[in-house]
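Submitted below is the structure of interest, expressed as structure tokens.
Naming follows writing order (A, B, C and D), and every chain is counted from residue 1.
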Amino acid sequence: MNSQRCYEKKHPDHKTIVKVGECHFGSPHIEVISGPCSVESFEQLYEVALTLKKLGCHCIRGGAFKPRTSPYSFQGLGETALQILDTIREQMGLAVITEIMSQEQIQQAEAFVDCYQVGSRNMQNFELLKSLGKQDKPVLLKRGLSATLEEFLMAAEYILSEGNEQVILCERGIRSFDPATRNVLDLAAVAKLKELTHLPIIVDPSHATGQRSLVPPTALAAVAVGADGLMIETHPNPDHSISDAEQAISLETLESLLPKIDAVAQAIGREEIIKEEAVLIGV
Amino acid sequence: MNSQRCYEKKHPDHKTIVKVGECHFGSPHIEVISGPCSVESFEQLYEVALTLKKLGCHCIRGGAFKPRTSPYSFQGLGETALQILDTIREQMGLAVITEIMSQEQIQQAEAFVDCYQVGSRNMQNFELLKSLGKQDKPVLLKRGLSATLEEFLMAAEYILSEGNEQVILCERGIRSFDPATRNVLDLAAVAKLKELTHLPIIVDPSHATGQRSLVPPTALAAVAVGADGLMIETHPNPDHSISDAEQAISLETLESLLPKIDAVAQAIGREEIIKEEAVLIGV
Amino acid sequence: MNSQRCYEKKHPDHKTIVKVGECHFGSPHIEVISGPCSVESFEQLYEVALTLKKLGCHCIRGGAFKPRTSPYSFQGLGETALQILDTIREQMGLAVITEIMSQEQIQQAEAFVDCYQVGSRNMQNFELLKSLGKQDKPVLLKRGLSATLEEFLMAAEYILSEGNEQVILCERGIRSFDPATRNVLDLAAVAKLKELTHLPIIVDPSHATGQRSLVPPTALAAVAVGADGLMIETHPNPDHSISDAEQAISLETLESLLPKIDAVAQAIGREEIIKEEAVLIGV
Amino acid sequence: MNSQRCYEKKHPDHKTIVKVGECHFGSPHIEVISGPCSVESFEQLYEVALTLKKLGCHCIRGGAFKPRTSPYSFQGLGETALQILDTIREQMGLAVITEIMSQEQIQQAEAFVDCYQVGSRNMQNFELLKSLGKQDKPVLLKRGLSATLEEFLMAAEYILSEGNEQVILCERGIRSFDPATRNVLDLAAVAKLKELTHLPIIVDPSHATGQRSLVPPTALAAVAVGADGLMIETHPNPDHSISDAEQAISLETLESLLPKIDAVAQAIGREEIIKEEAVLIGV
């Protein structure tokens, strides 16, 4: 039996829109998720949130549980961070997305967040994926550092096949040989994924490049190649970021970047590309 | 503060011996773990166990929970497999090692196994590593598909720093560009790891090469480079293996390989290399 | 002595414009080089040339000497191809670019071409680079399949340090693990190179992706990230291309792509980005 | 027509022995080529040569023309180095191998050397390969940094198909992501190549690892996996080596390594493996 996979398109224009708060991933609009690598304090997150509101962004990210190479590095504020995220969510009306790394953390985060993020290191943590397949919140699934597109889509399939259709894919750079950039941003993969699946695909230029100055140009390239959204690390004071300081851009840089993102989206005729056939889920 | 990591050698000859049943990983003896990719039936495992006993191997592996790229592939016999493993363990006196992918599976497997295996995909599943750090059984930690040695050792540190010192490292091939072999077996990494850590290091030539005919020569090379042991997939009838059929060797091939392994170990003067300074843990 | 390299910027806005016929690589205009992988016949090249003229492109590419993995594959028409290129050049007023692989081929091509191309496989053919450093024609230098940016720039330095300043860099994909695309197009490298060097940088989306349908989106992404030009394989009848048939786009596709390229260039404010400080060479 | 390639085995035991001076690559004996990265002086090379003679090695290597990433790095003594190599060859009766990078260098080196070496960067310098195919001296062909085995063998085919059957393949590490070693030594590739071709295959553990301390264990592993020989960088005073100082081992280390190499060769029953079917060429 050669049954179709859930991630496959049923017809060439098949496109899913995943709703997270007021964001519609997969719609003609380029959704920009932004926020700090780690939630550090209410003040920090509030300052980011104010800017996002002003700029018309509807989704904030912030790490509560941080997967770190070393057990001795800052591991995130955990529960405290979740509560800060929740307050921002309530007060500002922003949708909240945060990374979870275990079934236990899903339960901890459930009441506080609008979308779960699965990081690269857990892309093939199949038990976690199966658990997420049973949740009724959207999942942002990041590509593993050395995952083929086949493996990436099959990881999504673990979630979809359990019944949760709200999956957003995220390209965030793959591991390669050149120390000139942190990872290699694989934008052709975005174009290829759009052929292979109806799921929305966003790009994280921050983790992909690991360098502040490279974030704006690669963000624009991501839009030009057809990404449905971006996830960009920002910090009110990037140099003082507790984690990933080199790649966080300032709120001013984000502000100057957004009009260019819109301009590029318009240049490629995005409204016309994304057709009426899109199916909205997660309302 | 620049405090020493748990995995680091305290002096050049510092070497840990991790005991799993009658196996002493890190001792002068090359320990060979063998068995099928998946536990398929009692008969299958019994046949393998009989051969291992005859050949003087003390540790059998067999998958109960299988991490598979596709959710539709065979996922292992689970609980049933654990019970088969336990019976073999009781009847044959072999130590049992099996892969676990979640905290829940640790609990399920606890009563039945002698050593937990963490697969490549979960090398940076930090919540799992922390849980294993609180167990009192040895952990076989496989290198991630694109993990640097620094990341590999830091993953071990997650276990060690929680108090469990019984960690065996396993090189099993890294992802690369050439489809000629499934992965690229990184044997220089074994030599390098021996400089960087006191932990025992074994090699899995089966997953590294993905081809039956390449297992014996790479197993011998692993011994020559200084590995403390091998993990080799065997099957009574390799062509009928449910998973990873192309890489499992027959019991006859294993039988003919073992004397060569001993010969190479002797040729490199292994007894003399592994000094008296070794510290036995896990008794 | 820590003397500055020729490829390094002397001040942040330092930018070189390399002139090839009427093309100005490094100027605000996105220059598009196009043409077939191999020159197959006068008719084939003439048809491409007609379209390029109509579309306002000034530079045609076509392989005379083809570097092929197998000695038994079509190796190019050689001298015959050079003469076809020369006729097109004379009749149509297009600048001609072709790959050379040896000092002998430089001499053969000299009278017929406007720009020499060095392919990925020869990026570190240092004797060839030194010879090109003594020529007075521009050189298009493609990045090697696994070249770091440091190595890429140092390869350019071999040409520059011999006195030939007319070097155009070309990102064309690097080798990686995923068979989903032929190579991985490294667009962040383009942004990074623009920080490191004053030399113009173009992108070849055809060799990078190896798939016709992926060429337009990645071409647009290349423009968005800041590339100074594109090299795109076209064929009057792509399916009948003797070499690289899967990646050549039709002339119709090229025609529909060019306005989008202009739109994206405008969207990122390219005219304003490329400042007056640019130094024109090769006039 | 699906004609057989020259590199393919005509029957399973088909094995070619390539003779370089008194060395027989592909015979049961593990041939060890050694010498400095660059020829620096007569005294330096003489000291190495004396040791090689004493140890029973018959082949000395030394760079006259050095391919260097930077045009400003030491490029080798050129003609002077060739004359030093020739004097050593005459006085000591050692076969001489040196790298050439162009047709011109082939001619320069012809009178002075017994075997040409093609470096990794030139593995797909097809014009060079074709020229070597017309010479009557053996060629040592190193695998490209990111060459698949298919590409490696096809590069050999360029030489073989022109009539020169004296090709020795050399695995020397491939490019990968981990800075822990300079490259990744791909020993499974050696085992795979032995299945695919009758040509002799040697291993260069020096360039593969880039670290002195890793050379002996990986050299032994290379023998265990079935390599027909080794190419090991030595220097009378490694710390003062002009190029590649970190990877050159001392003559004393070489002396202590050779008996272990013999022991491992014996342990894997090398004499019995290499059968009588071997065809000697290059006498």
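Everything that follows uses one rule, which is that a contact is a pair of C-beta atoms (placed from the backbone, for glycine too) under 8 Å apart; a residue touches a chain by one contact, two chains touch by 3 or more.
Only a predicted model underlies this, so the values are computations on that prediction, with no experimental measurement involved.
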Chain whose Cα centroid lies at the greatest distance from that of chain C: B
Equivalent interface positions on chain C and chain D, same or different at half: same
Look at the interfaces B-D and A-B and say which one is made up of more C-beta pairs in contact. B-D
CA centroid of chain A to CA centroid of chain D, Å: 49
Distance between the centres, which are taken as Cα means, of chain B and chain A, whole angstrom: 35
Please list all residues of chain D that touch 2 or more other chains. 146, 150, 175-177, 179
Residue set of chain C touching chain A in the complex reads 146, 148-150, 174, 176-181, 184-192, 195, 205, 208-209, 211, 213-214, 217-218, 220-226, 260, 263-264, 266-269
Show me the residue ranges of chain C that touch chain D in the complex, using the header's touch definition. 67-72, 101-105, 121-122, 124-128, 130, 145-146, 150-151, 154, 157-158, 161, 175
Okay, in this complex, where on chain A does chain D touch? 175-177, 179
